[in-house]
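Pasting a structure here, questions to come.
Labels A, B, C and D are assigned to the chains in the order they are written; within every chain, residues are numbered from 1.
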Amino acid sequence: MSINSFGHLFRVTTWGESHGPALGATVDGCPPGVPVSAEDLQVWLDRRKPGQNKYTTQRREPDAVEVLSGVFEGVSTGTPIQLMIRNTDQRSKDYGDIAEKFRPGHADITYWQKYGVRDYRGGGRSSARETAARVAAGGVARAALDSLVPGIKITGYMTQMGPHGIDRARFDWAQIEQNPFWTPDAQAAEDWAGYLDALRKSGSSVGAVIEVAARGVPAGLGAPVYGKLDTDLAAAMMSINAVKGVEIGEGMAAAALTGEANADEISMGPDGPVYSSNHAGGILGGISTGQDVVVRFAVKPTSSILTTRKTISKSGEDTEIITKGRHDPCVGIRAVPVGEAMMACVLLDHLLLHRGQVGDGPRGNIG
Amino acid sequence: MSINSFGHLFRVTTWGESHGPALGATVDGCPPGVPVSAEDLQVWLDRRKPGQNKYTTQRREPDAVEVLSGVFEGVSTGTPIQLMIRNTDQRSKDYGDIAEKFRPGHADITYWQKYGVRDYRGGGRSSARETAARVAAGGVARAALDSLVPGIKITGYMTQMGPHGIDRARFDWAQIEQNPFWTPDAQAAEDWAGYLDALRKSGSSVGAVIEVAARGVPAGLGAPVYGKLDTDLAAAMMSINAVKGVEIGEGMAAAALTGEANADEISMGPDGPVYSSNHAGGILGGISTGQDVVVRFAVKPTSSILTTRKTISKSGEDTEIITKGRHDPCVGIRAVPVGEAMMACVLLDHLLLHRGQVGDGPRGNIG
Amino acid sequence: MSINSFGHLFRVTTWGESHGPALGATVDGCPPGVPVSAEDLQVWLDRRKPGQNKYTTQRREPDAVEVLSGVFEGVSTGTPIQLMIRNTDQRSKDYGDIAEKFRPGHADITYWQKYGVRDYRGGGRSSARETAARVAAGGVARAALDSLVPGIKITGYMTQMGPHGIDRARFDWAQIEQNPFWTPDAQAAEDWAGYLDALRKSGSSVGAVIEVAARGVPAGLGAPVYGKLDTDLAAAMMSINAVKGVEIGEGMAAAALTGEANADEISMGPDGPVYSSNHAGGILGGISTGQDVVVRFAVKPTSSILTTRKTISKSGEDTEIITKGRHDPCVGIRAVPVGEAMMACVLLDHLLLHRGQVGDGPRGNIG
Amino acid sequence: MSINSFGHLFRVTTWGESHGPALGATVDGCPPGVPVSAEDLQVWLDRRKPGQNKYTTQRREPDAVEVLSGVFEGVSTGTPIQLMIRNTDQRSKDYGDIAEKFRPGHADITYWQKYGVRDYRGGGRSSARETAARVAAGGVARAALDSLVPGIKITGYMTQMGPHGIDRARFDWAQIEQNPFWTPDAQAAEDWAGYLDALRKSGSSVGAVIEVAARGVPAGLGAPVYGKLDTDLAAAMMSINAVKGVEIGEGMAAAALTGEANADEISMGPDGPVYSSNHAGGILGGISTGQDVVVRFAVKPTSSILTTRKTISKSGEDTEIITKGRHDPCVGIRAVPVGEAMMACVLLDHLLLHRGQVGDGPRGNIG
């Protein structure tokens, strides 16, 4: 019911604003005995950290995570794990302009209209900084998944930057860690570098599409109707700020297919059912098939650009605004580890839900 | 949070299988004093009812809804409203084939793997019949919205059938009720009629894209992060069976835009803020702006087709299957009223949530 | 979390009014493969059924339960189980008096003040008839517990009627089914018979204390803080209408004890820890110890009595009221199977929660 | 669903162990615009703080609360409020004995059995220190209630220490703040002082009964069945560690009353309904009547006593244990502000729930 929480049994509540003293995640429902440490979580946070190359915001935050509870002698105790990240790079500056004017494409105006009060410093709660807490929580989820489903592998990557998509024929898992865009297409990485550099210099921004694939997911996770794995993945990804579209498997393109083209045929393999294709994105009727679970989401371009835009002030006067400061030309880059974290949280949550209702492992055998 | 429930304060739990005695919705949290009657709800159910024209399944169900509780002397009492629809057209037939074999693209195999038991008659819980219960519940939500936000208007329509999209230049709200596809483009309706007829005769099927727009939504509904209006709309639409993609406003296309192109500029109108465009789909930072709230979803083609497909049996043998029987060549048509119902449920839920936390109306004034 | 639902993973939503067409329970989260049938559930309902002897209301309802969904070929499928009970004994009568006046000690006045509308026929939602739905749902919980924890045994019994308590020295499990009061003290049963008969003839009513014991509960169920087994048992019992007090183990009497007297000493038995006593009621830190789980609750006397009482009318005038009709002189009698049902629901829910977070069985071994 | 959270719309999740770096509360759903500051919250924490007199544990913790998020320029923003309290008095000592042996009456053994790992230092999550986080969260709830329902007043007080109850004839609200036991009976305070001093010197402990009354609660809060105000109050109080019984109004004593004695008669006063008595504890059918809401709970004696007790070790051997260290002879004293905090959280939550479903204020007028 809570509006800042996510998950059924593995339940994450994030808190904190961009320019407050700290932000973090309260992680409830982690299985006991999972190895958790600040060092291990830091690895994931470092992937999302700003200021790592010229393509991301130059805000410099160490994003050092502290584990305040729920871990004893190196393992989770089954009680709430509190993860805190101090905000350190809160430059004292004059916020007058954004305190009085609403930035187009930002949450400024709606927060104001809804609440009648808003923390205008850096976007407050609607800032992309909120996603640091998700990545920390996702690190806990990954550790638990590693314990419970050895071999599960969650990988995010960029498949489109602005209008430029990757060529699936060049898809290479090994490339993903080799370029600043986390793209599996080496050629695209090269092309995008120049494209984004020009965009950055012009003070503009652009959107992106991120895909997250989970390999090694057992069959049977998810549940019918409102607990469909697709439902929770859609909610998880759409809850990331700036995301405006989510697709499972074939996604929006499924609309154009015939039943013959879309349905993945089944045959019997040595270890169980084998599918001729994966239009379904690894999910049928809301439940995992054992194929790769594939979700994709679009991140809109950040509205913080150097071009003057028309807007209004709190007092209702027409005016203009330019958003100066340190911003990501393609905020989608840093959304890759965030998408991975959300996938990890959803899968762990459904693993625990399945174990709760049905017990360990799938229940119906084939063959 | 429950896996067959949806919503925070206005909470709908659907129940029932395609070929069981009945199905329905338990609706909790409806405000008191809302006019509710079986007759009024029937209007919405009749829009979704199968067998209305040659483009939808020939299964003939009256889908008559009964109101079993929560209504007294014509109005809601604030206690749970139970809506029941009897299944009447359960032809007794030999289910042997689908009892033993898994239909490709269906939930048959995953339900079996997960639960070790499944109601194979007509898809059981994964049947599109489940959506009748949503439409009934959506009728209650619409009635409550009409009481609380006079003038709110929720309209669904088809914008793409198979590979054929509408021409937005021909968009006409008045056309939507004039053709069997609920499309605002009269020319598309004509073209699709021939296309779908041929497809139907060939025993094939095709996907579709549905858009649902809500006009007259007040600013301030929704909440940050996991309670974003976009998050709950994405979950609502993705929970409809056969849906594989969801978009808010610009959706996946937002990835290709620059910040200049995507952000809707703001100016002051006589009644408050006015936007130069609606790329955001009426939602900023998860909170409604007062513009039209626009969501779009893709429905995959039904996998019940007359072409022989490769599959396996419960005993693990490779085999083939043809799905005979009465099926929708484009199940997306009947998804239109379902999408409307989900929009109504989400908006009412967020209206109540907002009223709970903040009180009546938005809190921050402009001007 | 919904206001008409109970439970985390095994989640029961009851619906329906005393004099509407039907009432029932939507049961979500039942494990698959559990034997469920209307016949088996009817056994539990018959224990609660009114009109069985002169000590309970003479309203005659068969309380026949129908299973509308979630069961296929005799076992649960893991999808929602809808249990419906038709109301059949809705005498058409003049409700004028209770429609206009508020009965003291009843929910009439608060429902009216809160909602501005109420189903005054027989108390509507606040009627004890609501508990029939709980008993039906509890029957499903019992069946699931029998599958998952063979040997578990849940027994309710009356320990006090009006001012007359049982003598614990005469406690005999075998007596419980032998008298109309479900009391383990045969002498008390005899004494109470005369006491209650006189009370009934005078048109008065009296309260009672019910105890419910669960034997064979494994150690490790429950969770810290807000998920304490005591917390959920307290909520479960307090949610039964007319209940005004709940105790775990020593209960309110724990206040008078010293630490020496209250703490149960531990020694090692052949099958694990053995306790010298059970002041804790089988729960330490919110988690079951393996001892009997013991909860006790007080049911207030029904306010429907033949004595004239002062009250007010809807129009705000001082007036008087007598509640004629068929009522229970000691409604606590019929609360016994209700308490058992709630205990079954709570234990199953926590069994599933434990299995979800921790896996099957307890995790820490002793010895 | 979460096991460390409490509340529907105003939702508190506590986290942290007795001897970890910190503990706190994540408070979600607070209305915007409520004045919140560390200074104001500290006032409530100081009431619960240990070491204030010889009757409470000599552990010395400043219990200084930090507000890490959700507050901007002195008022709540409507986003999550993170309240953190550093643990400062974690004496480094040899925990060997309690690491290997289970203290009778403590959660040591059940945490171990459930999770297979436990933070044995000071009881970890099951420590009374967890209640500091509740008091902080309750401070936020009180501030919100003050904004929304001016005049509401929540007061806790001790009505029984060990076997010694107060004399209701001497009840004086003004006395409550005048003695270290928060009792309204000055004579009892005097008697208890000697009694508890002797008990403390002997290294023993004793239980207590706390009553919490809320005056000025509007009619109409609460909801039927599982959302009854009594249900949530019972859960709230029972979730406090060491609590074993909860009563609303007449409580367990209601069992001994007749319908004539128990039902509060109603007459019309100048400002609405007036009741002849308050056996109901201000709640009918789960909904507040406008009378004082009265809840009472029993706190068991702490099991940390200086007497040797029989127990077992992790390796399953019979042994003995004495709990040395700094402990409360009557932990019930410090439970008074905790009970107040829980009452504040429940009332605010139901105020928001009511406003969400029904709108501001009650809906049905009388007269």
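Some observations on this one:
Here, contacts are C-beta pairs under 8 Å (C-beta built on N, C-alpha and C of every residue); 3 or more make two chains touch, one makes a residue touch a chain.
Keep in mind that what you see is a predicted model, and the values were worked out from it rather than measured.
When the interfaces A-D and A-C are ranked by C-beta pairs in contact, the top one is A-D.
Comparing the centres of all chains, each the average of its CA atoms, the largest separation from chain A belongs to C. Chain D has its Cα centroid 26 Å from the Cα centroid of chain C.
Measuring from the averaged C-alpha position of chain A to that of chain D gives a distance of 38 Å. The distance from the centre of chain A to the centre of chain C, each centre being the mean of the chain's C-alpha atoms, comes to 45 Å. Residue positions of chain A touching 2 or more other chains: 1-5, 8-9, 14, 29, 32-33, 78-79, 114-118, 125, 224, 353, 358, 363.
Across the complex, chain A meets chain B through its residues 1-6, 8, 14, 102, 104-118, 125-126, 130, 160-163, 199, 204-209, 219-228, 230-235, 237-239, 241, 243-268, 273, 276, 279-281, 283-290, 298-305, 307, 309-312, 314-318, 332, 353-354, 358, 362-367.
On chain A, the positions that touch chain D within their shared complex are 1-5, 8-9, 11, 13-17, 20-24, 26, 28-29, 32-33, 66, 68-70, 72-73, 75-82, 84, 114-119, 124-125. Taken together, the chain A residues at the contact with chain C in this complex read 1, 9, 29-33, 78-79, 224, 352-353, 355-360, 363.
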